[in-house]
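Look for chain A in each of the two complexes below; its partner is chain B in the first and chain C in the second.
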Partner chain A sequence: MNAPVPGADMVFVDPLRQERSRKKARRDALIGIASLLGFVILILLLIGRSSGWETVQKTFFNGDQFVESFPGLLQAFWLNVRIFLIAEPLILIIGLLVALARTLKSPIFLPIRVLATLYVDIFRGVPTILIIFLLGFGMPALQLTGVPSDAIFWGTAALVLSYGAYVAEVFRAGIGSVHPSQTMASRSLGLSSFQTNRFVVLPQAVRNVTPPLLNDFISLQKDTALVAVLGPIEVLRRAQIDTSSNFNYTPYVGAALIFIALTIPMTRFADWIQVRSARKKRAGGAA
Partner chain B sequence: MNQDSFIAVDGVWKSFDTHSVLRGISLNVAAHSATVLIGASGSGKSTLLRCINALETVDAGSIVVNSELDVTAFSADLDAIRRRIGIVFQSFNLFPHMKVLENITLGPTRVLKKSKKESIATAMELLTRFGLEAKALDYPDRLSGGQAQRVAIVRALAMEPEIMLFDEITSSLDPMLVGEVLDSVRELRSGGLTIVMATHEMSFAKEIADQVCFLRDGVVWESGTAAEVFEAPQRAETKNFLHRVN
Partner chain C sequence: MQRKSIRLAGVASLAVAGLILSACSSSEDTATETTTTETSMEESASESAAIDECAFENLTTISPGMLTIGTDTPAYPPYFVDDDPTNGEGFESAVAYAVASQLGFAPADVKWEVVPFNTSYAPGDKNFDFDVNQISITPERSEVVDFSNGYYTVNQAVVAFNDSPIAGATTITELKEAKLGAQVGTTSLDFVTEVVQPTNEPYVFNDTNDAKSALQNGQIDGIVVDLPTAYYVTAAEFDDSKIVGQFQSAAGGEEFGLLLQKGNPLVTCVNKALTTLKDSGELQEIQDAWLAGTTAPYFKE
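The block that comes next holds the complex of A and B.
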């Protein structure tokens, strides 16, 4: 048989080799599934044979309790969603402003730079739950006129301040990841320092840090549950109430499932973005 | 100082940390002429170009353009200087998140405050002049090195500069792509733009230079017409350098 003459736009693969690699792929998939199944069965057997399993099943995986508590949990979760939706845009704005403030070079901006650095140092250094306690109980106690005493307000504010500090650092890393030659090229065209940031540095910086930013979003979705310590009935608090009134822990498992249902799609999305930006970076090597 | 010099560099010093790159360098560039800087790496060619369009501040000395624009003055409006003096770098430095056309119109719309329509028209005209009109809507990562560098030239030209500085613009290119970029410079030279170019392409330097300056240790070691410097170098170090690169 004559081998075809290779042209620039044609791909030629030996049919025999193709068949062989297809077979290997099928075999690999079967082995993988069998191994996974075996592993799961082994784990279930081990758990099922443990002496405390029956009690655990009754107190954590109780079908009736689950059905009874789940609608209430979902309803309470709506508060978590609202906290997240309000906090996230504010976090992005604060993070970006603080990151920019820390890159200001002119000596006249020294106070702004110092304030921004202090803010990041303090709010990144204190555990989020502690900030929630301090703001949530401390601010209403001041009894300042015009300052709300609402627990949800202060819980959300604490999340915004805590995450704002983290996101500021993420943005700052993004700004640092843009090569100085980009700034030089922009300035050489006569663009001002502000214009250079606005049109050249920031768009690239934001693109570079999208994966870590999404990671912080996922983290924030879960941390909305921390607001529970101030009393508002969000999903964790709801589960806690149900649990203590029925002496059954199934509502906790229900709450966990609700969080997972929200964070898993988000995680897959973040993975996808990360893979895509990595591919783009490789393709854009020449620029 | 020379009366008819368009760019007058006078006794410029520049050091980075403790290393002096420019050591009192002086040179004059006539209007509508091409000056080529040659010399080993580290002789100060790039630093001099960056000082001319104020991307670097000088430690001592002065650089005056057209007897009126003091690039090195404390009060100098740096953005105004850079508007009048274009520069193209060895590594292209196109903006990867913008299409070719956006790369080119950014300066004219934001700095010269031209309308979008006018900027695009000018950009397309320039792209066509350099055979790049088909690339207008591509991102920089779709361009070859030669195309990217020509786009960088067009981007600088769109600002309608009086002076163009070229900083080893062919040094990072595949040898096959050097020709197309040098053709672009030739085209600008015939258009009468004032050009200062640092390069290792000696045959090209011979062809377009009105003045050749051999830089060594941060000063102009020897200068003259292309014929003078290349055919009859006076100093031993110049001879030595030309011997090594040829």
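The block that comes next holds the complex of A and C.
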């Protein structure tokens, strides 16, 4: 009578049931909004009535301080943005190369595999801030000819090397997550090893690990603040300078807000990509 | 049954409201209480000269019988020697022990706490009786902590290597193009941003050691530090370096003060001790012993 249509994602729908479920959905939404509003009002009342709130507001959420320090924070944040925009592509390239190096099978490539493994172990093992100190102050101290001594250069280089190791492992996991049948099928079709990697394995691998990669990118945006130890004034240092002159911590809150404002669109974008790739997988796999 | 439960609910909500109201108001009551006790204490102190509040037995310190002094680590020369405040060597270590002995504490009764520079002048409870760490007295800091009278008048100076582009600078204008460095939260940094106003943003470091590293690497052209530190850096730490010049001090000059928690009554006794040391010449002796030879040409506009 009302058999399911093959290939379509729909099952038989009873219009009455649809109407009822739509009403229920609307009712649920209204209840949810009312509950959220009530909760928010309750929290605001409790916070506003608590005895310490005035002090907290004066110290952390001072409007005048915020307006005064915010332009300087935004200007300093531009340094953070430049650092992570330059670092991220380099990190992805290095991570991919190191991951591929570790997957090389031939015994003649053993030194390369060992080097890649050493790189990953060392730069994941050492704290990022320590690498920044070592490279930022140590490399220019060697006074080698041709080696730049700029603090921002070495800070970015340290971030690239440190995050490259993490991203290399993410890529390696992605490559490993592609089913071996893909490689076998591709080789049996006549594609070379390089072509297999380039056209079959890597596209799937990268698609699989896009969420963790975006995660690492977001983490990188925060760690650009570490470059401040080498001297350049980025947003956290600017907030610290403003705070240390009048002991109002609102600049710190301002800096946090700037970071959050950058992260939230990124995380929603990451969520959207994840939903899209899941939908694609489901559509492709449905019988 | 229903009227009973309504009445119960009404009583309960009244009780809760009452609790909330009393919680709000009780903090105000205690505030007025403490102020009245404080004013009565002050009156009694000024009226009765018989009670010496600075007598050793009347001093209240964090650890009874011991004097806790705070400073940062590393403790830099010429203010401290070998990063060890307990050896009494170095200008500030000597001043601290002199003040302690004026208050009645033997060197064995003095203990030291590590207090990072930035946290010392921030508001909040302190874990020391006073802090000695080249802390300049500023109006902003005085609002949240208490300072003793100054024990040393200090000028800011610029240190650079002999091959730095600013090694021969004699005016502040010549410094404007330079890449300068200073420690965060210091009056040295304030000097750079307010007096020198360089065209390039200065480099700001967590401590003076990082600033010195950057100077050695040529990442900055010069560092701004107080004059005694500048003298020590150029004389004992870096060869081929010099004090480019010192800045005219702002109106009133900049003074180092001992830092105490806001409202700590010990400050009057510490000031008495400092006055005694100044009048007896002991403070000058200590200064001559540890800070001799600290001169440098003044920058012109």
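What we mean here is this: the second predicted complex is superposed on the first by the 269 of 287 C-alpha atoms of A that agree within 3 Å, B and C clash if a C-alpha of one lies under 4 Å from a C-alpha of the other, contacts with A are read in each partner's own complex, and residues count from 1 in each chain.
As a convention for this text, a residue touches a chain if its C-beta (ideal position, glycine included) is under 8 Å from a C-beta of that chain, and two chains touch if they have at least 3 such contacts.
Fair warning: this is a prediction, and the values are worked out from it, not measured in the lab.
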Worksheet item: First (chain B), second (chain C), both or neither: which does A:Ser188 touch?
Response: first
Practice prompt. In the overlay, answer first, second, both or neither for which of chain B and chain C A:Val229 touches.
Written response: second
Worksheet item: Touching A:Phe199, do we find chain B (first), chain C (second), both, or neither?
Response: first
Discussion item. Contacts for A:Ile129 in the overlay, against chain B (first) and chain C (second): which applies, first, second, both or neither?
Written reply: neither
Item to complete: Would you sort A:Ile241 into first (chain B), second (chain C), both or neither based on which partner it touches?
Response: second
Worksheet entry | Partner chain in contact with A:Arg207 - chain B first, chain C second, else both or neither | first
Worksheet entry | chain B/chain C common contact set on chain A | none
Item to complete: Using the touch rule from the top, collect the residues of chain B that touch chain A in their complex.
Response: 53, 55, 78-80, 82-83, 86-87, 89, 91-97, 106-107, 110-111, 139-141, 143-145, 148, 155-156, 159
Fill in: Of all residues in chain C, those that touch chain A in their complex
20, 23-24, 27, 118, 122-123, 140, 144, 181, 184-185, 189-190, 201-206, 210-211, 213-214, 216-220
Discussion item. Considering only the defined contacts, which chain A positions touch chain B in the complex?
Written reply: 181-182, 184-192, 195, 199-200, 203-204, 207, 283-287
Fill in: chain A to chain C touching residues, read off their complex
49, 51, 137, 140-141, 149-151, 228-233, 237, 240-241, 244-247
